[in-house]
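Heads up, the next two complexes both have subunit A, just with different partners, subunit B and then subunit C.
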Partner chain A sequence: MKLYKIAFRNISRNKRRSILSGTAIAIAAMIITILISLYAGIGKDMKKNIYTVLTGHIRIRHNEYDVNEALNPLHLGIDNYKDVLERLENTDNVEAVNPRISFGTAFYGSPRLFLQDVKDWDRFITLLTSGNNPVFSFLKEKYLYVRERLARKGTQIPDIESIASNMDRMELGDVLYGINEVLERYVLYDPDRFAGISLSEETLAYTERDVPFEERILFNRLALQDAFPGLIIDNPRSGKLILGMGMGMDFQKDAGFMNLETKLESGGIPQSDREAREIILSSGLAKKLNASVGDRITISTKTKYMGMNGITVKVTGIVDLPVAMYNTRFFFLPLDTAQNLLKMDDSVIEILILLKDINKMNTTVSSIKNTLSSVGITNLDVRAWDTIGVYPAYILMLDIVGYYVALFFFLLGSTVIITTTIMVVYERMREIGTVAAMGMKGSQIVRLFFLESFFIGAIASIIGVLIGSGIVIPLGILGWDWSEGLESADFAMSSLLKPAWSLRNTIIIFVYSTAIASIASFFPARRAAKIQPVEALRAV
Partner chain B sequence: MADKKRKPFILFRPFIFTGKWIAGVIYFWFVTILWEVIIRELILNKNHIRRFSLQLGLKNLFRYKKRTFITCIAIAVGIAIFIWTDAFIMGFEKDSDTNFILYETGSAQILDAKYVEEKDYLPLKYTIKTPDKLISFLKQNGIPATKRIVFGGEIFFRNGSKQATVYAIDPATNSDVFSLNTKKVLTETSVFIRAGMQETMIGEWLADDMGIHLGDTIDIRTRTRTGAFTTLTLNVTAIINTENPVINKAGIFVPYDVADEKLMMQGEATDVPVNLADWKKIEKETARVSSLIANDYPGLVVQSYIDLFGGGTIMESKRYVINVMLVLVFVIAAVGITNTMLMAVFERIKEIGMMRAMGMMDPGIRVTFLFEAGGIGVIGALIGLILGSLLNSYTYFIGIDFTGLMGRMEFGYRMLNIFRSTWNPQTMIIAFSVSILFAMIASFIPSSKALGMEVTDCLRYQ
Partner chain C sequence: MKKLFSIIIIGLVVIQGIFAITADEIIKKIEESENLSAIAEGRFEITDNLGTRVTTFKSYEAKNGDMMLEFTNPEERGQKILRLKNEIYLYFPDAVEVIHLQGDALKDRIVGSDFSYEDLRGGESLLDKYTATLDGEEVVDGEQCYKILLVEKKGAKDIIYPKQVIWVDKNLFAYRKGEFYSYSNRESSYTIVKNMAVLEIRQIKGKNIPFHIVMKDTMKTNSSTVFQLKDMKIDINIDPAIFSLEELTW
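This part shows the complex of A and B:
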C-alpha cells in the first residue's frame, strides 16, 4: 500500500484529531495573512503618499535647496525649467513630469464674508434686490459704485438686476466679492438707517468712536448681525491662525501624481491663467476656513525677495485628499499664479518625475543627469525618492518594524503549530508501536507521519490563508477607515487604510505554515520510530 | 461624521478596555470556587476516594511528562509574547506621556472653555484674565502652576523663515511644572531665558535646520491680539535638547512678559499648566482642580494631558492598530492553549472510560481533570511569566535603540530613539489567570463529553 494512502486514511479515520490540529494551523495562517496584509497596506500607502504628493519617483531641485530647506529659500529655484521639462519628457522611462513650487503660509482669520458665513442667502438676496430696507438700500447703492470701479480694473461682478437666488456658487461668490468690497470701505451704521434696532454692547462701542479703515468690516458684520438676526453667522475665522501649505503646479500634468481631478469634492480645476487667480483647497483646510467654491481668499506670504506679498484668489474647487495631514493644510494653485505671488518670475522649486518602470530608477537618474550636464545645467540635484531626506529612514523603519511584527507572529504561530503536531505524534505512540510490530520500517513510519502532517498542514493552511484573504481582500477594496486625527503627526498615512493582499505573501505564508507543521512532526516521529515496538506499545 | 467612520473599531474596543476586567471577574469567581473545592475535598473531606481524585490529578501531571511539557510550552510562549507585547506598548506610551507632560503641556492645563474648541488655531481672544491670581490660588491649595501664552508666528533668520508655535513662558514659575530648565536639557553654554529680556530658547533640531547658533538674533513675526502685525527681535541664549521630538523640532520659548507686551495681552494667558503629582490618577486629580476653581473662575476648564494629547485625535488611530495586534496575539495564544489542551484530554477518553469502569465517580473524574489542567496552566503560565519577564527585562533595562534608523523623525508619539518597555503587573496577573482559566475550560469540555458517554463507548473511543 502506498504511504500517502495510509496517511490520508489516518487523517480521515481520526477526524477529531485532524480537525483540532488543523484548526490551530489554519487560525495561525489566517491571522498571519491578515496581519501581513494590514501591515503591507500601511507601508504601500505611505510610500505612495510620499512619492505622489511630495517627491515623485525622482525629484530635481537646485543643489543648494535641500541644505537650506528649513528656511524656504525661494531664490534657489530651477530657472530654465521649461527647457529642463522638455528634455525630461523626452527621456526614456519617464511617465510624467510635474513642475512644483511649494510654500508655507498662514491664514489669519479674515473678517470678510464667505459664502457659508451667510446663513440665509434667499433672505439676503431678497433684501438686497427689493430695496425696501434702508441698510440694504445703502449696501446696494455702494455695490453699484464698487461694481463700476471693479469693471474699470477689469473685474466683472454681476449687476443687481441679475442677482437671483438660483445663481451658481461662482456667480454668487462674485456678488459677495462686491459686497465685501463695500463692507471694507463704508460704514453701514448710521443712526437713521439703524433706527429702532437694538445694538449689542460690542457694536455700540464701535458707534462711539471713529472706526479705522481696517476695522470697518468687523463693525459692519456686527451691525448686520444685530439688525438681521440669523442672517449671517459670527466670524468663524476670527482670531484663528490657520496654517496652509501652498503647492503651485501644472494641473494638466498632474495625472499619475495626485490625480486631483478625480478627488474633487466640488467645483473644478483652476484655469492656468495669471489673471484668473484661482485655487483649489483641500477639504480639511476649506472646513477650517469655512470656505467653499466661489469664495475669495487672500494668501499672503514671503516672496523670493523676502518681502511680503498677498493676492486674493478665487476658490474653484475643493479636493478630498486621503492623508489627513495633507488634507488639513494643502491648497493648490496654477504654477503661474504661484510664480506671480512669490515673485518667482519663470522659475520653479522642483520638478517631480514619475517613472514607467521603478526598477530602472538608477539608470534613469543617471541618464537624466547626463542629459542635463550635456546641455550645461550643472546646478541641479537629481535624486531618487528613496534617497531624499528622512524618507529612506522612514521606509527602512517601516520595513524593519514590519519584519519584527511578522517574525513575532510567525514565532507565535509556529509554537501553536509545533505543539499541536508534536502532541499528535506522541499521542499515537502506541499506534506507532502497532505498525512497527507489524513490520513497518522506521523510515516508513517517519515518512508516514511526515506525510500526514504535511497533508493536514497543507489543507489547514490553505483554509487559513483563504479565510484570511477573504477578510483582507474585501477590506482592501472598501478600505478601513481610521479616525481623522493623524493631522499633526509627521506621518503620511491615509485615513482610509486598505490592506494590501499579495499573492506572493499569501503563498509564502502557506508554504511556511505547511513546512512548519511537516517539520514539527519529523522529530517526534523519528524518535518514535527508533524505539522498540514493545516500548512504543507500552507507552501511555 | 468622525464617529461614523470609527465604527469598525468598536468591535475591538469592548474587548480591549472591558475584556480584561470581565476576564478578571470570571477568573476570581472561578478561583474562589476552586479553592473551596480544594479545601473541602482535600483537607476537610475525610472521604478517601474523593481525596484520591485530587491526588490522582497531581500524579497525572507528572506521569505524562511529555504531554504536560508540550502543553506548558504552548501556554508559556503564548503568555510570554502577550505580556511582552503589552509591556512594550505600555512602556512606549508611558514614555511618550512623560515627555509630553514634562516638556510640552504639564500634567493638566487650565484653559478657557472656548479656547479648547479652537485650540488648533492658537486663538488669542479666549484667555485666562487673571492668571497670577489663579496661580497663587492654586499654590495655596498645594498645586504648582505657571502661565503661558501660546501663539503662532513665523521665525525669520538670515534669508529664510519658518512657521512655528511659540511658547511664552514665565521663567520664574516655569520650573514648577516643566523640566526645561535642567542641565540635561540645556545644551553647552545655554542660559535659560530671563524675564524681561529679549531672549529666546529654541529646540536643537530647529536650530540645526535653520543654522541658528547661540548668540544669534532671530525675528519672530506674528500678530497681536487685535490682528496687527508685530515683530519680536530676540537673542538666542539657549538651545535645548529634550526627549520630546516635537519640542526639539519646533519649540521656541520666549519670556512671558516680552510676549505679553508685544502681543498686547494685558497680563492675560492662554493657558495655565499645573503640576499634578499623581499622573496615574489624573482624572481624579483633574476633577479636583475643576471643583477647586469652579466657583471663582466660571468659564475655565481643566484638561488633563490625556485630553490635550490624545483627546480622540492623533493617537487613537495608532492605538487602534496596536490594539488590533494585541487582539491578534491574544487570539493565537488562546488558540494554542485551548487546542493543545483539548487534544490532550480527547486522547484520554479511553482512560476516563477505564477510571469509570473501575468505579470512580463522575465528580471525582471531573476534579481530577480540572486539577490536572489547572496544574498544567499554573506551570505553563509560570514559565511564561518568567520567559516574558526575561524578554521584558531586556527591553526595560536596555531598550531597543532606533538611533540612526529614526534620525530626527517625528511620528506623533513624543518618543526619542530608545524604546523601552515597562512592567505592567495588571496584564501579567490577568494573562496568568486567563490562561489557567482557558486550560481548565478546554479540559472541562472533552472530559464532560466523556462522562456523558457510556463506559463501554469510552473504552472503545479512538
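This part shows the complex of A and C:
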C-alpha cells in the first residue's frame, strides 16, 4: 500500500486527534491572516491619509517655512502662486495640484442661538409669525427693524411673511441671524410681557439689574427657556474655547486629494467668493460646536502680520472625514476667504501635487525643481512625501512594528503547530512500535508521519486562511469602526479601519503553516523511528 | 553754636522731608494729566522680521478712561478696539460678533506691533495695583527724571507686569522711559519683557502728552514699534455712543 494512502487512512482513523491538531493549525493560520491584513490595511490607510490630506505625493513650500513652522510663519508663503501652479500643471507626470493655507484658529464661544439650539423650529416659527404671543410679538417687531437696518448695510435676511418651517437650512440660518441680532440688542423681558410666567432664579437675578449689552443674549435665552420650556436648549458653547484647524483650499482642484464633495454629510461646497464667507466643518468639530448647515460662526486667528483678525462665516456643508484627528479639528474654506482673513494677499503656504505614476516621484521632483529655477524661482522647497517631517518615520515605524508583530504571531502559531504535531507523534509511540515490528523501515515511518502532518497541515491551513480571508475581505469593504478609540489619537489613521487582504500574503501564510506543521513532525518521527519496536511498544 | 548748627541741619532735613515729593504723588500727578477726553490721530510704525510697515488709527478717549481706537490704513481699515473700564473688546468688519478678549488672548500683539492688548487695559490707578517707591533721580535724554519702582501689591488682580521701572520727567510729570518686567522662572526674580522710550512730549491745553514713543518687545528679535501721534484734540465733547458695544456692532 502506498504511504500516502496509509497516511490518509491514519488521518481518518483517528478523527478526533486529526481534528484537534488540525484545529490548532487552522486557528494559527486564521489569526496570522487577520493580523497581517490588519497591519497591511493600517499602513496603506496611513500612507493614503498622509499624502491626500497633508503632503500630496510632492509638496512645495517656501524653503524657510519648515524650520519656522511652530511659529506659524504665514509670511513665508508662495507668492504669485497662480504662476507656479500653471507651470506645475504643465509638468510631466503631474496628475493634480492643490494650493493650500493651513492655520490654527479659535472658535468664539458664542452665546448666539445656533440652528440646533432651537429644538422645535415649527413651534418657534408659528410663535414668530402668528403674533399671538406677547414675547414673540416683540421679537417680530424688532426683527422687522433689524431687517431694515441690515438691509441698509447690504445684508438681506428673509421677510417675516416668507418665513416658513419648510425653508431650507441656509434660509433658516438667515432668519436666525436676524433673531440673534434682536436677542443681542434688546431685552425681551418686561413684567407685562412675561406676566404669569414663572422665572428661574437665574433669570430673576437678571430682571433686578440693568443688563449690559454683552449679557443681553444670555438673559434672553434664559427668559425664552422659562417662558417656552423645550423650545431652546442651554448654550452648549458657553465659556468653551474650541480650537480648530482651518484649511484654505481650491475646492475645484480637490479631486484626488481629500475629495470633500464625496464626504459631504449635509449641505454643499462653499462658493469661491470672499464676500460669501462660507466654510465646511468636519462633523466632529460641528458636533463640538453644536453647529449645522446654515449657522454663522465667528472665528478669530492671527494674520500674516501676527495681529488678530476675526470673521463670521456661514456653514454650507458638513463633511465626515475618515481620520478622527482631522474630523474633530478641521474646517475648510475657499482659498480667497482664507487669504482675506489672514491678510495673505496672493500667496499660499503650500502646493500639493499628486502624480500619475508614483514610481517616477524622484524624477518628477527634479523636473519641478528645474522648471522653477529656470524661471528664477529659487526660494521654494520641493519634496517627495516620503522625505517630509515625521511621516516617513511613522510609516517606517509602522512597517517595522508590522514585521515584528507578524514574526511574533508566526512564531506563536508555529509553537502551537509544533507542539500539537509533536504531541501527536509521541501519543502514537505504541503504533510506531507496531508498524516497526511489522517491518516498516525507519525512513518509511518518518515519511508516513511527515505525510500525515503535511495533509493535516495543508487542509487546516487552507481552512484557516479561508476563514481568516472570510473575516478580512468583508471587513475590508465594510470597515471596522474605531472612531471612539482614535478620537484623541494624534496620527493619521482612519476611524473606519479596513484590513487589506492580499492573495500573495494569503498564499505565503498557507505555505508557511503547512511547512511548519510538516517539518514539526519530522524530528519526533525520526526519533520515534530509531527506537527499538519493543521499547516503542512499552510506551504509553 | 554747635547746637544751633545741628538744629539748623535737622530743621533743613525735616523741611526737605516735608516738601519732598513721594512716588505716590508723582503717579497721581501723571494720572491727573492722563485724565482727559481726547480725539487723536496717529500711526504705528512696526519693524520686525517682515520689514517695516505702517498702520494708522483714529482714537477717542473719554474722561472716565473708556477708549475706542479705529484703524484707518487699508489693511486693517474698520478694525476697532474698545476699552471699557478694564475690559477689551475687538470689532472686526467681517465679524458680526464683538470679541471679548480674555486670558492669554490679551497678550496678543496689536496689529502685530510691540504693544499688546493688555497694554491698553486701564480702569484703575497704578497705585491700586502697585507699591510705588522713589528710587532717586536720573537724567534721561538730557532731562532730569524721577526713577520710580513699581512692584505689584499682594493679592492685586489682572496685573500685566509684576514689576515696572518708570522714569518721570521732573518738570513735566510725564513718562520719559519705562521698563516692564515679568516673572522669570522663580517668582522672586524678574525678566525685562518690554522697554519704552518717550521721544517727544507735547503740551496741549496744559496737559503733557507723549507724542512719540518707541516700544520694544525684548522677547522678540529685530522688533520695535514707533507710536506717533499726528494730531490730538483734548477736552472736547465726544458722543458717548462711540464707547458703546451696541454701536460698535451696528
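A few notes on this one:
Note that in this section the second predicted complex is superposed on the first by the 415 of 540 C-alpha atoms of A that agree within 3 Å, B and C clash if a C-alpha of one lies under 4 Å from a C-alpha of the other, contacts with A are read in each partner's own complex, and residues count from 1 in each chain.
Criterion: a contact is a pair of C-beta atoms (placed from the backbone, for glycine too) under 8 Å apart; a residue touches a chain by one contact, two chains touch by 3 or more.
All values reported here derive from a predicted model rather than from experimental measurement.
By the touch criterion stated above, A:411 is placed in contact with subunit B alone, subunit C being left untouched. Once the two complexes are overlaid on the shared chain, A:75 sits against subunit B and subunit C alike. Looking at the shared chain after the overlay, A:312 reaches subunit C, while subunit B stays out of its contact range. When the two structures are aligned on the shared chain, A:207 is found in touch with neither subunit B nor subunit C.
Once chain A of one complex is fitted onto chain A of the other, the partner contacts of A:300 are limited to subunit C, with no touch recorded for subunit B. Judged by the touch definition given at the top, the superposed model places A:177 against subunit C, while subunit B stays out of reach. With both complexes placed on chain A, subunit A has more residues touched by B than by the other of subunit B and subunit C. By the touch criterion defined above, A:112 reaches subunit C but does not reach subunit B. After overlaying the two complexes on the shared chain, residue contacts for A:14 are found with subunit B alone; subunit C is out of touch.
The intersection of subunit A residues touching subunit B with those touching subunit C, taken from the two complexes, comprises 75, 106, 108, 214, 302, 306. Interface of subunit B with subunit A (complex): residues 2, 5-6, 8, 63-64, 66-67, 70-71, 73-74, 77-78, 81, 85, 118, 121-126, 151-152, 154, 157-163, 206, 209-211, 223, 225, 227, 312-317, 320-321, 324-325, 328-329, 331-333, 335-336, 339-340, 342-344, 346-347, 402, 405-412, 462.
Looking at the complex, you find that subunit A touches subunit B at residues 13-14, 16-17, 20-21, 23-24, 27-28, 31, 34-35, 38, 42, 68-73, 75, 104, 106, 108-109, 214, 238-243, 288, 302, 306, 390, 393-394, 396-397, 400, 405, 408-409, 411-413, 415-416, 419-420, 422-424, 426-427, 480-491, 495, 540.
Within the complex, the subunit C residues that touch subunit A are 46, 48-50, 53, 75-76, 79, 90, 92, 94-100, 105, 108-113, 244-246, 249-250.
The residues of subunit A lying in touch with subunit C in their complex are 75, 106, 108, 110, 112, 149, 177, 181, 184-185, 212-214, 277, 296, 298, 300, 302-312, 340-341, 343.
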